[in-house]
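Following are the structures in question.
Two complexes follow with chain A in common, the first pairing it with chain B and the second with chain C.
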Partner chain A sequence: GIIATMTEQRKEYLFKVLVIGELGVGKTSVIKRYVHQIFSQHYRATIGVDFALKVVHWDGETLIRLQLWDIAGQERFGNMTRVYYREAVGAFIVFDATRASTFEAVNKWKNDLDNKVTLPDGRNIPTVLLGNKIDQMRGGLLSNKQQMDNYCDEKGFVAWFETSAKANINIDEAAKYLIDKILDNERSYSRNLPDPEALELNKDDDEKSGCCR
Partner chain B sequence: MAKQGWLKYRQKGGLVGRIAGFREHRLWFVLYENCTISGYKDENTGTAKPDVVFDLRHSAVTINQEENYQFELISDKHNVVMLAEDYDDVKDWVSAIQTTRSIAHGVSPAPKKTQRKTSNTDSISIESGSYKMSMPPSPLDSNSNGHGDEYEWDNPITPADPSPVSLTSNMDEQGALFQLSKELSEAKAELTKCRDRITSYQEVLASRDQQLFEIQDQINNQETNEKSRAVTSEGYHNMEEQARSYREQNCLLNEEVLKLHQMCQKYKDQAHQQRRKADKLAIELRRTQRDYVSVMGHCVYHPLVDVEEDVRFMVSEPNRHVANLKNLSKTMKSENDRILGCSIPTLGKTEHTDMFGFIHNLPNEVLQIEYLCSHLTEAYDALLDASEENQKLVKKWKSFMHEHSEKFEVTPQLQKLILQCMPAHYRSYIWQKFIHYYVLEIKQGRGDSYYEELLKHQEIYKLDRDFSKSFKQIMMDVPRTMPGNRDFTTQDSPLRDRLTRVLTAFCIHAPKIGYCQGFNFLAGASLLFLEEVDAFWFIIAVIEVIFPEDYYRNGLAGLLADQYVLQKIIPLEIPKLNDHLTKYPEVDIAAVTTGWFLGLFFDCLPFKTLIRVWDCFLAFGHEAVFRVSCAILKQFEDRLLELHEPSHLLHAIKNIPKLCTHPEQLIKEAFEGLHHFPSWSEIKEQRAKLEVELIEEHEKKMQQRRHYDERMMMLDHFEDSNILPRNEDKWNFECATSTPSGFILLSASNRMTQNSRLYISDC
Partner chain C sequence: MTFLSTMEASGNDDPPVGNSSYLSDSDVERDDDIPTLDVSADEIQLSPDSWQSVDLGLKEINHIRSCTSTPTSIKYNSTCQPLNGVSHVPNLTLQTNLPIQNGDALKLDINEQDTIDERNGSINPNSPEFLDITLQTTEVDEPAPVVNKPGSSLHSKKGSITSLLGWISSPLTSSPQKQIPQVVKTNKETSSTHTAPKSPISFRKKRFWRSKEPQPMSTTALILEDRPSNLPKKSAEESEKHRLQYKKMVEIAKKNELKDVQKRNKLMKEQRKQEDTITSASSQWISQILPNWEVMHQNNKVRMLWWQGLPPNVRGKVWQLSIGNELNITEDLYSIMVVRFQEKIRSMHETQSSCSEDTISLSADRESTVELIRLDISRTFPHLCIFQKGGPYHDVLHDILGAYACYRPDVGYVQGMSFVAAMLLLNMEPAYAFITFSNLLNKPCQLAFFRLNEELMKIYFASFEVFFEENLPRLFARFKHNNLTPDIYLIDWIFTMFSKALSLDMACRVWDMFCRDGEEFLFKTAIAILHLHEKSLLAMEFIQAAQFLTRLPTDSFTHHELFSHICDVTMVSRSNRRWKDVLSLLGQSDVTI
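Here is the complex of A and B:
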């Protein structure tokens, strides 16, 4: 998943990031907003998977190619997601803030994700929760801030954002946050890489703390 | 028909004429508007084949003056004599032939009089007419008196006066007197005698005169007769001369007419040739223009990774070509703007609705150029469609459809036709035929109104959990199926309702399959060509007949099996690309190709290419999807080999179908250009084996899932029944299981205290 090329001071990365969630929560819209800075009411339902590429000039020394995998929301495709999830280093799980059922399904998606993909060192990949279509919801999710924080803590999300692809709210921020986490992991991973035993230990620890695998 | 009736005919001259001699045939002749005359055995001409047919368009018709009631039809090919009942009949026939011929020559039949006057130019009419021998009144006929001389026979003889005699002596004188008296009486007697003689002479003379008169009269009469006879024979002779000269003139004129006709024909042929040449040149010009715009379209370069952003027009003098394209599009617009069923796009406009109702966004000029070129190419193709080559194909289709109107079957002949072309106006009809051919068995016993019946009961089905879930997804996907299409954009678009109903009906029809994303695209695109109920049968044909049973079920086992099989075909067919891809294990093309199979290339290929691929899919079935997939990759093999960045490679593979803007090229590659493609039975066997494995795997997973769900339910049960301690500590539930005796065992550990506990509960 992570390809880093060092050219003197400059570092180039390719990060595969998944965007998952229930049918029609706005995964494609979030991606299009982030990559092309556009929004349309007229996106087609995604068949199987779609991807987009965003080149991010992170800082003077780091160039990041973010490959965003837009994965169809229908449960039926679950059997194929193992292929799609492979080598991913980060993920967004999106729900529609105006539809409770899509939030209820977040847990299912998170479990699915954690079951099918881990970082090379065995830890779960950093995942950000996005409550999308916030422009259509009065008051937003902030009124439930504490609850949301607790939920994310409990389910192992690195953060949550209320977003709107339509009104361009928090999309860039969420992406920035996730990239930051991925970079952190990448750095610690490359630090640990020379010592395979440490890696093994790490993995064991992680599996112990998991639940209901 | 223009005229019909009995005629005797015989061939004159020519080989047939010589063999058949002067044999006459009596036939029922019919003169048709197309200027042919056909002879039948009897009046029953309905289905009978004519014994003889003569094309009169280039014939001369002439009335034969030598014999009664005949006319001749003379041309390069035939020379026949027709015998009619009477002279009027002859005239009727000739004038009817002239009229039809005029019509056939494109000359509207003028009133007969003027036509006869102009008959020396185009239509050939020889009115030899009737040479009636009306004799001029002869001057000899009148009674003439000139020659009959009248002879008046007056008696010219008048009685002579007695001569005077004087008596001078007595005795002597007496004697003398006596003597004298005697002499007198003698003289008197003599006189009487003479008188008698004169009378008799006169009588003889009179009778002679009479005779002479009679003879003279006779002579006179004879002379008169002879003279008049001479005059008559002279007139007759003159007439004969005249007639002969007329005849000769007529022959001459006939020849002249034929010559003129031949000349006329020659000029006509020349004109025809010129016209054909001009037409050919026009077609040639169109072809060149078509190729030009097509090449211009090809000059638009799309980088494979970011297809639309960095698109470039790769020509040396772009401005000149843009001006050319503007001119061509202007001409096309003014001549035939709606030839494609939509307007020809205009350079500079950022939006255009195509013939299928799809609204295209064209944010930059290069995309506009490419879009215009593809439309112009198609417009020229449509114009060229009228050319002979394409007409032949259309004819083939026509005859095929005629032959198979009763029983439609997928035959190699039909498959070949499909590969050659699919006339746009036949598509709906042919698709419909295909669909009902595939679903014939499924339809049996379902009744004619099966579709309507299914929808009637949909409210009841909504109580079913699975169905209502499917229905919700359908409602979610319908607006997202073809949002860029005019007929789908608004909420009240009729096609949206139809799409919802078709998908709903399918869920009720096949509850085990339900709704799978992708069906919406199959049904949606087909609704642009098919009636609602046919679109319903279309998705049944695809999902249940053409694709194997488990294609969309059991975790899409069939679909996944296909991806593995495709990856085994690629090394055979596109080995270089395969070697290239194996260098980048992170590039898994299944991620892309799954979408190709799932929605039958919808949303991948340009729509025009898509429907051609669907034509082939209906004709060749499941195999077509493998072939087209290989062909897409093969067409872009060289460009894919240039890419070495894994993310770029994957994006490129995702994007290449969009660049397949030439359907025929793709189809040719797919069905004629793949030389190492395994046989369908091999593929079928392989995929079936894989499918079984995948289904087993899926079932195992589903079982695990069920167990997991059960455990979660049990946990809920524990929480509800207050068995677990209600403290603030967090508990991790490590495992739960149910015993055959109905107890549930639950192991939990406290995160804070690290204590583990085992709980037992009865259900």
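Here is the complex of A and C:
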């Protein structure tokens, strides 16, 4: 799912990123904060899937179009929403730092993700763990940072962040971190073996690029 | 109630007819604590032809919030600002284009409802106040020409107003020091410029509506006056010039007013028409259709009426009857299930507190249903602010969803249910909402989706695609090319039956038709929505289209546009098959449709 287009010096990427986790942990809020810099108490429950697009001017030469797939949190939607995982190159798994059960479920979401989607070379897609709603936390779960680091190593998360969509804490940082990892993969990948699928996708994008040939 | 003016057309010996009994003392007698607005005849000026303006000469109205009308009364709600922070009943100016029919009574009724400040329960002096004003007039039998000379009082208007009175119909008990609105004389102020209409008075409704030229209101803002006496007089030439200039100004002002009046007339006419339609439809539903439901509901005329949208006061009942109660659920069963659910919550809390240190061990399964319902309720129609914590419908929505999870543990709670239950709750009593909810979820389409039966859902999506392609081949091809599959946008639409995607009003009308035509209508609506936006969707990339469809801009089309597009959707496939056939064929095997 990566489309890279050379335009003179500029490189343009399209990344599909999943945002998953238990119901009501604030997935939609995190996305709204990141994309629109807003927060509201009044988001409606997501049924199925919602979308957001964020255009990131990464550096002078790189433009990233980030497709965020905000997937309904109820576990029972199961396989039905898993088709949405296809071709994702990165993911956030979100839990509510004030609700232990949502952290408990993280493992389940991670396994599910790894089973359903991998990078073209077979590795797992880079995934960042977000402990959201820390503005409502008084000490507690995330206080033991070493323990969280170990947990992430063990479960294969590239990083974890304490976030608050409400207070705008660490959302941009987490996104930057994930994009960086995706770019690393993308660069190493394009160096090593050309991706036939990506090339094919480029063909579809003819009208827009029109330079590589 | 003081009643200052009772007049009868001079020279008319016939006793007043029609609603003149309105004016008997006993009728206008009000409780002593009801403040009184006295309006004497010469304080109010009514232009005689198809009366237009009651100018109480008062200045504080900001804007007219709304107006409702029936043939015999008018009401204006006005937002008024308190003066100098002092809560008082502001002055107001009323205008109406309603015709007065012979014998009609119009009520001028000042009804003040203070906005209560929620935080401290006190009257908020800075909040807008709402006033209803009703003007009551009664006429004598024959419309008669009226001479409306400058300075003339109502007494001189033959056959126009026999009485005029106003009162504050809701006691101002909350703040007794409030001033009663004072009606200020305006007649004298405007008299010098008021142009006397030449046409005879006409209160006949028909004639009023036929009249192509609505009458402008008086041009009170423009007054041509001589120079003060201490200044030299104008020359004849100058005087004439000023007179002509003045005339021109008045004409322009009149023209503009005419336009305004025409616009208002049109609006009011539409509103009246709509109100009339609703009123007559509602009486038909109540008196003829609902009592004979079994015989009537398939009737063609009834189906036509149904298509117009159900009047809000019968909507719940019609939904209930059409969805039915195949499951034979009783109100008692609902109560039992609510109790069971509440016990479940209690026992859960007990378990939780007994091992409070170790909440992590509380299995997600245990918690799920109760917790999911709790989380979703506050995220159901959040803009309405009635299902949220502390809102009036919070607990009852909670009860219905919980009761259902107890009643059907095999289905439990599934996201989307909260919207469906809320829609029902907005239209019927809790127990009936539960009964209807359970039966609705037992319909084939809802059962497939809410039981998350993927195979069946895929069949529904595939059937939808058959008709999507049939109706909108270009858009269908575009979606295919972009890999924009129906599961991406249909899940939300079908699970919530459009209650999340469309405005509440529009969703209700879609539900009306779902009740008449069944599941097919939901898919028809989906195709109509795609059709409405076909042009923009054709130009969109995957992500824009997906974003657009999962967050439809609700103000982008009107009821009329949506429903005329729904009308245009063909629900017959290329191979001449209907929805049900396509669905069952796709369900059977890999037959090509």
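Points worth noting:
The rule is short, and it goes like this: the second predicted complex is superposed on the first by the 190 of 213 C-alpha atoms of A that agree within 3 Å, B and C clash if a C-alpha of one lies under 4 Å from a C-alpha of the other, contacts with A are read in each partner's own complex, and residues count from 1 in each chain.
One rule holds in what follows: a residue touches a chain if its C-beta (ideal position, glycine included) is under 8 Å from a C-beta of that chain, and two chains touch if they have at least 3 such contacts.
Bear in mind the structure is a predicted one, so any value in this text is a computation, not a measurement.
In the superposed model, A:L23 lies in contact with both chain B and chain C.
Of the two partner chains placed around the shared chain by superposition, chain B and chain C are both touched by A:R76. By the touch criterion defined above, A:A88 reaches neither chain B nor chain C.
Using the contact criterion defined above for the overlaid structures, shared-chain residue A:A105 touches chain C, although it does not reach chain B.
When the two complexes are superposed on chain A, the residues of chain A that touch both chain B and chain C are 23-24, 41-51, 53, 65, 67, 72, 74, 76-80, 83-84.
Of all residues in chain C, those touching chain A in their complex are 359-360, 362, 364, 367-368, 371-372, 375-376, 379-383, 412, 414-416, 418-419, 452, 454, 457, 487-489, 491-492, 495-496, 500, 543-544, 546-547, 550-551.
Taken in their complex, chain A has these residues touching chain C: 23-24, 41-53, 65, 67, 72-80, 83-84, 100-101, 103-105. Interface residues of chain B, counted against chain A in their complex, comprise 305-306, 473, 476-477, 480-484, 489, 516-518, 520-521, 552, 555-557, 559-560, 586, 588, 590-592, 594-595, 598-599, 602-603, 645-648, 650-651, 654, 698, 701, 708, 711-712, 732-734. Chain contact summary for the complex, chain A toward chain B: residues 1, 3, 14, 23-24, 41-51, 53, 65, 67, 72, 74, 76-80, 83-84, 86-87, 211-212.
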